[in-house]
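Per-chain residue numbering starts at 1, and chain names A, B, C and D are given in the order in which the chains are listed.
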Amino acid sequence: MIVSNYLAKRFEELQRRQEAALVAFLMAGDPDLPRTLEYARAVEGGGADVLGLGVPFSDPIAESPTLEEAAHRALRHGVHLQDVLQIVRELRKSSTIPILLLSYYNPILRLGEEAFARRCSEANVDGVLIPDLPIEEATSWVNQARKYGLARIFSATPETGDERVKQICEFSSGFLYLVSRYGATGAREALAETALPLIERVRPLLPSDLKLVVGFGISTRPQIESVVRAGADGVMVTSALVARIAEGISPEALSAYVRELKEATRCPSPAPS
Amino acid sequence: MASATKPSSVAKFTELPKEGKFGEFGGQFVPEILMPALRALENDYLSIRTQARFQNELKALRTDYCGRPTPLYFARRLTEYAGGARIFLKREDLLHGGSHSINNALGQALLARELRRSRVLCATGSGEHGLATAMACVLLELQAEIYMGAADIERHATTVEQMKLLGARVHAVTRGSQRLKDATHEALRAWVTHLQDAYYLIGSSVGPHPYPLIVRDFQRVIGDEIKGQLLRREQRLPDLVVAAVGQGGSAIGTFFPFVQDEKVRLLGVEAAEAASLTQGTVGVFHGAKTYLLQDEHGQVQPTHSLAAELDYAAVGPEHAFYKKLGRAEYIAVSGREALEGGRLLAELEGILPSLEAAHAIYAGVQRAKKLKRDQIVVITLSGRGEKDLRLYYDRQQLSGQAV
Amino acid sequence: MASATKPSSVAKFTELPKEGKFGEFGGQFVPEILMPALRALENDYLSIRTQARFQNELKALRTDYCGRPTPLYFARRLTEYAGGARIFLKREDLLHGGSHSINNALGQALLARELRRSRVLCATGSGEHGLATAMACVLLELQAEIYMGAADIERHATTVEQMKLLGARVHAVTRGSQRLKDATHEALRAWVTHLQDAYYLIGSSVGPHPYPLIVRDFQRVIGDEIKGQLLRREQRLPDLVVAAVGQGGSAIGTFFPFVQDEKVRLLGVEAAEAASLTQGTVGVFHGAKTYLLQDEHGQVQPTHSLAAELDYAAVGPEHAFYKKLGRAEYIAVSGREALEGGRLLAELEGILPSLEAAHAIYAGVQRAKKLKRDQIVVITLSGRGEKDLRLYYDRQQLSGQAV
Amino acid sequence: MIVSNYLAKRFEELQRRQEAALVAFLMAGDPDLPRTLEYARAVEGGGADVLGLGVPFSDPIAESPTLEEAAHRALRHGVHLQDVLQIVRELRKSSTIPILLLSYYNPILRLGEEAFARRCSEANVDGVLIPDLPIEEATSWVNQARKYGLARIFSATPETGDERVKQICEFSSGFLYLVSRYGATGAREALAETALPLIERVRPLLPSDLKLVVGFGISTRPQIESVVRAGADGVMVTSALVARIAEGISPEALSAYVRELKEATRCPSPAPS
């Protein structure tokens, strides 16, 4: 099994430094392509360990309103998969930050799973997260992702029983994305009550080569600190960033915000795997 | 004319989808958060669906509350007009609430009650499904939470008033296009945050498994009754069965009981302005793999049917399967043609059909013209037309004299 | 509580009125020009009514076209709410057209066809009877000529549009108050000038003999079905049967089959704003002697019910007879109470009744409260309430939370 | 059987003079009571032989729109039966013209048939025509009318078969009112085709003491001439007068119009009964 180099390396590095990863997600094309590039660099500059780019889709289900609206804005500018890959190529010219794509399944299916995997690989994408592709539907995708060396990011939630977590892990590579709270994504001040026990429950189920990244609703330092202390290898921040971009935050300010969040990942994790 | 069913194809039908799929279609393309809920729903439903107690209660309410069986009406004047096959109408327009929607809403509400859910969530476009859900919820003492786009609420204000009178909570969705899809997303968000006490009630045979199965099970009463009524009356099966296809619930309910009857041809009629089966390509939408109106990027296309309930970019996966196999034929009828079909029924039979059903009427009459007098066409008249009165009337005014 | 029927009174009922009268009520108080037509109608009808061919055709159309039998629905939640007798609803709201009107319109249109009339005249207030007539005429290939006051046309524009879509000629009557009575006068004028080829189709059990008999014959299917359904289900007769009384058609159809069953109490519910039986005096109106709202000079009084079809100053003569004999009890319910009754049904059973029927619901629930749990109340739910949505909704808005 | 004196005498007189009777009907109270009195005197002055007064009723059925609207105008002024009787008493002070009342049945029923008959008699009304009281419903009224000496005017129409005409005659006194055309009352230029054969058919069925008055739709001299020539003992003019009053005709002009019509009754009748 090949895991994309940048991503695996970054996790190794972070483990050495006793830091958790900060995975920062943006919606590609929101508000437009050039600014996505600027924001991506700002996020990297702020210390994000992994960059995620959302591929806009017309009908994201069970998505946070923040992300849905961002996708719609991007679509109004005609931003599609090929444009997102173009951004990746652009970024790659000057950066080795691990890059993940988040795309609903239909644009992938439309292009063809293999073509999609190939193009991702060609653009040096490190991994892909398909929110509406549960493991039951993922067999052929996993084969393509394997073939093209893409990390296969799947999710687990408080609803997912232990057995199923284990099955999901078998399909996964890179990290397991743990959705820390009930409900669709969206930044919340307080961390959902379910987050910490969930981490505790899931942590022991993971194979040693799979990291644990926790997300959904994370936007503050204290949230990150408690998640990291509970044993997460990383946190994913999405809506908090997209919302700030929607409000027209400057790249500099976004960078500062990311830096602040990144700080919180440096608190000591009690049980490094 | 429809190509006759390939004999081999019938063998492929099984009552239950295999691994949640009808052939390659269907499945469960949903976020992980929903998977355990769907799995549980599937298990619970598969055990409940065969319980005599459940089926008896459903049957009693269908009979006493909804008004089943609905008549199979021989449309004498429509038949004379067509001059070909005899035309029968399955009168789902006479059901409580005015359309076949209550078949499904009642069945699922009963299921929700069995599952001890106290709240029922649904998304609705024209409000028809919302109203049926509100009715069923009142009856079974469940709280209905209806999600509806703000634009749709404005367009269908009286239906919304009815839902409110029935004690439903109507949530206006002001995001996006403020229409059905936005309402669907909002309802799903609500479901995800209340998986324990809420039941998500899908209005037609779409969505992830097991919903297409559930909806078909509750709508197949249409086709089962047609079959029984026609056998009793004519001692034979129909030659052609016609139904309008929006998301495909009433059509699948009409078709399914005939699927194994190779000689019965099945004709599904889409709105030309939202013709996913006849103009779409395979895709994944709202949880299922099916035919879908999408652009080259896989973005879902907007639709423009006058018939609110046909105005949907995809279709139930079982129809996709029937199409692929050639078991059913699907054609598209324009809004203009549907209005003509609806007016024809009004003027010849005194029945104003829903504009949705009028698509089937138009197509059914066209086909009947080409069939022989000893053949039989059954058209599912899925709803009544008061809600579309303005469209019919304005159009009649425009074109002067009617058909 | 209703005083129990005096045993002796039952003996006085005969199926056919004697010399056109129910006791002292009814008769033929019409201009001489109409007498031969009425005499001929009586003779023709008395021979046709027992013809198997006629009855069979009527039965077939009732079943396949109108949706009979309508369910007798046990209203569980309404019963629990009342906490007394079990309440059953006779679901005439599920009929084609949305009310019991089609029972009568179809029967009389069939009669008109038997009599080889090509045109059917009728006067309508809210348009309900006009619409039912238009439907029946389309079905039987008769030309419907609907007379309607211009003020009523404005108020009930969508119903008028429906009638027009069905090919009916709608004559706007601009005389007088531009309402039902003016339309009635205009329709009668038209009849008088076309006695040979026109059939005058009265919408309820009013007017000169033989109309009250004809309408009762076509509406008694309501009571006949109730009786059969209840006997089959409960092996017994109801203790109380309740129906709204406007002109009295649906009520007489509900009551008549129980008249000889002395233990079955009958309760007719009028609109307090148009309560001819409870507040009127004996008079002659539109061809019959009956109870009438009139002033001391014998001038007919205007009425003010929110329920369009109850807004009539008199009542069918057979009800006058029942009242006089004490066979049925009649009470009045206000518009406000009726709205409450209608909302109650919506919120407990998911059924929005016509405001007319809501009068019966209100009264039926009140009575059920006072009866024992082993007793049975049947209420005729004569029509559906979409047409009255605005009234219900505005009132609910006014009073904040519903009942 | 008592027949009111004025009416019988007038017919005798007319027969002597070889004239037919002109029965002129007005709606009492239209446009108001004082003017009804004026118009009544004008009509008498113009040579009408019999004066008819309509009692306004809220719901006249199968009535001409002209009369219906006149009745509604009168009702708006609160004119009822007692006011009509008051007019009769007023007229009686100076006139012996036979006076008929036309009233729908309900106001009569409300007062009571006997009370009504008595009051009519006391006011010197000569006869009563109740348009919605066919003979089947008239037994008790006929008894009261007999008792109080009121002429009982019933109608026959083209629809009325010979047998029924004879039955109606048995209930009648004074004259039989023959409705000459299909349809509700109302002035028409041409006389309905049915009128003349109808007169020919009915004439022989009448007992010798019953006159034949033809009406409905009569408004011109030629109409009256042909009716009289066909054997009618009189004509009744109603809507033509009421319509002119509705248009605000002066009493003098109405008088002149009546005079013109009266002229036409003087043409020789071919077969005086």
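Please note the rule applied: a residue touches a chain if its C-beta (ideal position, glycine included) is under 8 Å from a C-beta of that chain, and two chains touch if they have at least 3 such contacts.
Everything numeric here is computed off the predicted structure, so don't read it as measured data.
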- Separation of the C-alpha centres, subunit B versus subunit D, in whole Å, is 68
- Note on the structure: Rounded to the nearest Å, the gap between Cα centres of subunit B and subunit C is 35
- What is the distance, in whole Å, between the centres of subunit C and subunit D, each centre taken as the mean of its C-alpha atoms? 38
- Item | subunit D residues counted as touching two or more neighbouring chains | none
- Item | Shared interface positions of subunit C, touching two or more other chains | none
- Message: So with touch defined the way it is at the top, what topology do the chains form here? Options are line, ring, star, complete, other.
- Response: line
- Chains touching one another, given as label pairs in label order: A-B, B-C, C-D
- Message: If we count contacts the way the header does, which residues on subunit D are in touch with subunit C in the complex?
- Response: 57-63, 65, 68-69, 72, 75, 80-81, 105-111, 131-134, 136-137, 154-157, 159-161, 164, 168, 179, 182-184
- Note on the structure: subunit C residues touching subunit B in their complex are 63-65, 67, 70-74, 77, 91, 94-96, 134-139, 141, 158, 161-162, 164-167, 343, 346-352, 386, 389-390, 392-393, 396, 402
- Listed in rising order, the residues of subunit C that touch subunit D in the complex are 19-20, 27-37, 175-176, 181, 184-185, 188-189, 192-193, 195, 281-287, 289, 292, 294, 296-300
